[in-house]
Amino acid sequence: MLHIVNKSAAERSSLESCLRMATKGSAVLLIEDAVYAATNGNAAAAKIQAAAADLKIYALGPDLAARGMAGRVLDGVNVVDYGGFVDLVAEHSNCQSWL
Amino acid sequence: MLHIVNKSAAERSSLESCLRMATKGSAVLLIEDAVYAATNGNAAAAKIQAAAADLKIYALGPDLAARGMAGRVLDGVNVVDYGGFVDLVAEHSNCQSWL
Amino acid sequence: MSDMDEMDDGSGVVKKFMFLNRKAPHGTVYALEGLEVVLITAAFDQDVSMVFTDDGVFQLMKGIDSKGIEVKDFSKTYRALEGYDIEKLYVDQASMDARGLTEDDLIVDVTVLSVDEMANLMAEQDVVISF
Amino acid sequence: MSDMDEMDDGSGVVKKFMFLNRKAPHGTVYALEGLEVVLITAAFDQDVSMVFTDDGVFQLMKGIDSKGIEVKDFSKTYRALEGYDIEKLYVDQASMDARGLTEDDLIVDVTVLSVDEMANLMAEQDVVISF
Amino acid sequence: MQFGILVNEGPYTHQASDTAYLFARTAIEKGHKVPRVFFYHDGVNNSTRLATPPQDDRNVSARWSKLAEEHGVDLVVCVAAAQRRGINDDVLAPGFRISGLGQLVEMGIQYDRLVTFGD
Amino acid sequence: MQFGILVNEGPYTHQASDTAYLFARTAIEKGHKVPRVFFYHDGVNNSTRLATPPQDDRNVSARWSKLAEEHGVDLVVCVAAAQRRGINDDVLAPGFRISGLGQLVEMGIQYDRLVTFGD
């Protein structure tokens, strides 16, 4: 299953809700303001790195760049473009957007 | 100063941001989904009760009733109606909505 | 809602639809407009589950009185779901606990699930729509 | 923006306006539309402070490249604020720390304030508008 | 006392416009003045006369119009925000007018309080 | 593969509609099909032809219309949500049509994936 999160973990609890319900081996894609959680020095970084042990974590590159964050991505987070986003949806049998 | 918070503390960080910046003696009014924080058993109740030592905490009664929460209000929280909301704005020299 | 009784897309396919309700009522319209989608989906004879988690559990509170905010109370609609053959209602135990709620506080009978049970239920769905 | 140079409501009153920026750029429009209000307020010769706290500090990041999301990059507008006599720019130390940011990461010169300093600054304003 | 009100969200999706309306109506009932309400961001969507909500629901723009008519409240819609979102003079409900952000700043300068409602 | 897309937010205030558009366009470029996009909640506000955003900004409804024209994407606006928010046939941009929620459910039944974009 693919989980999609689009809000900053500093502003909303949706990342936390997502990580609580994502089963081992599933994928989490961070888009829009959610990409901040996948950057060095962010308060949510430890949460993401702990989650990366059991989940595949992705972040949308164009959203990172639009926020000046392209050079700060955490180790273990896979950066994808919109094509990669489409591939992730296609590769997983279902998806959930944590709005 | 009057601080107004309108989002659930379980969903957003705005209550926390507000409490961090509210100076001693100022007032905090919880409206809309923010009223849940002022109810018994809610995870944010301890935060509200701790804050009530230094701040005056208010909750909008019609919003509590609309959520089935009228009978669950924490001790130390003052319930006001829309008239009381208007009075609070009038009584304080300025206000800030933590959107 | 008799116009919904016989909807059919002609394919005969039955998929598992989960509606994940995570928002409190009244602060936003998602709870109300979400109910509209659930009712229509059931009219298509799909396998519908409604899940309430995070602040979504507040949608099912007893004793809602929305006259003071001059907005319609739609909470009784949850009681009518059974009449549309929507019988799979689940709430998240942890979300109930974090809000000091028990099943007695809710307007309908529900099945309470652990996080692991919720997660597994979600993973086996064909379509998940979240409000 | 020369049409804004001579705005005047006729009263001669100068009030303290604080614009409190709490939202990240691009995910929502508040940062962009908030800038429009700040510029107009300065044109009325009011005493304007801009404060960046919580995710609002991200508005001032260097190196923003929004071509990939096909949205306008407005971050250079912050550099132009000085030209409109908007010189009181404050950021919240704790918000910077929680995001691993230092002043070197920001596109403009700012004054870094502690929580207590921010709180006192806010309390002395006539008008606070938050985006 | 004179209150200025800023509404940053549209009708129905968020409670903000409802709360702002009830605040304004109550303030007027208590003898205060609400000379102007300013609609910014998605708040401009409150101003359309084309909305036809279900009969058992409130009509958000119509009750703003009624407040304007009965109490002389000036309902101002931000022109820049309106243009982005498809609100123009052809679709405005009674009592609304489109103008610039200076009208918002004036509320802050001239009135005793400015209260914001939004998401 | 066939993707259905659900857009729950209006243009400009939230990035959701932009992300949905870029996702849809990219999916089509990669050879997938996007037979229909459904606009619900404030998402119905994407469908107005009256928006005139600044020239240096994107025109959200116009580029949805272009996608519909070039690739046959069916842009469906929820009738109940549209009525609440003042969207009707008179203001629809090219390629959009107003219909019921059944069109959303059909996407879930008939397509391989349903992806939601919102606030």
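All chains are identified by letter, namely A, B, C, D, E and F, in their written order; residue positions are counted from 1 within each chain.
To be clear about the criterion, contacts are C-beta pairs under 8 Å (C-beta built on N, C-alpha and C of every residue); 3 or more make two chains touch, one makes a residue touch a chain.
Since this is a predicted model, take the numbers as computed values, not measurements.
*Asks:* Could you find the chain whose CA centre sits the greatest distance from that of chain F?
*Replies:* Most remote chain from chain F, centroid-wise, comes out as B.
*Asks:* State the superposition rotation angle between the two copies chain E and chain F, fitting on C-alpha atoms only and giving a multiple of 5 degrees from 0 to 180.
*Replies:* Rotation angle, to the nearest 5: 180 degrees.
*Asks:* Which chain pair is joined by more contacting C-beta pairs, B-C or A-F?
*Replies:* When the contacts at A-F and B-C are counted, B-C has more.
*Asks:* Centroid of chain B to centroid of chain D, CA atoms only: how many Å?
*Replies:* Roughly 27 Å, centre to centre.
*Asks:* Using the average of all C-alpha atoms in each chain as its centre, how far is it in Å between chain C and chain D?
*Replies:* One centre to the other, that is 41 Å.
*Asks:* Taking each chain's centre as the mean of its CA atoms, how far is chain A from chain E in angstrom?
*Replies:* Roughly 38 Å separates the two chain centres.
*Asks:* If you look at chain B, which of its residues touch at least two other chains?
*Replies:* 6, 10-11, 13, 32-33, 62, 94-95, 97, 99, in rising order.
*Asks:* For chain F, what residues touch not just one other chain but two or more?
*Replies:* 12-13, 15, 19, 22, 41, 57, 80, 114, 116, 119
*Asks:* Can you list every residue of chain D that touches 2 or more other chains, as numbers and ranges?
*Replies:* As it turns out, chain D has residues touching two or more other chains at 26-30, 54, 69, 71, 126-127, 130.
*Asks:* Dump the list of chain pairs that touch, please.
*Replies:* By the stated definition, chains touch in these pairs: A-B, A-C, A-D, A-F, B-C, B-D, B-E, C-E, C-F, D-E, D-F, E-F.
*Asks:* Considering the complex alone, what residue numbers of chain C touch chain F?
*Replies:* The touching residues are 7, 9, 11, 13, 15, 17, 29-30, 33, 36-37, 40-41, 43-44, 46, 126-127, 129-130.
*Asks:* Within the complex, which stretch of chain A touches chain D?
*Replies:* 6-8, 10-11, 32-33, 36, 39-43, 45, 61-63, 65-72, 81
*Asks:* Show which residues of chain F lie in contact with chain D when the two form their complex.
*Replies:* Those residues of chain F that touch chain D are 12-15, 18-19, 22, 56-58.
*Asks:* Could you please specify the touching residues of chain B with respect to chain D in the complex?
*Replies:* My answer: residues 1, 13-14, 17, 20-23, 26, 93-99.
*Asks:* Show which residues of chain E lie in contact with chain B when the two form their complex.
*Replies:* 1, 3, 8, 15-16, 19, 22-23, 25-27, 29-30, 32, 112-119
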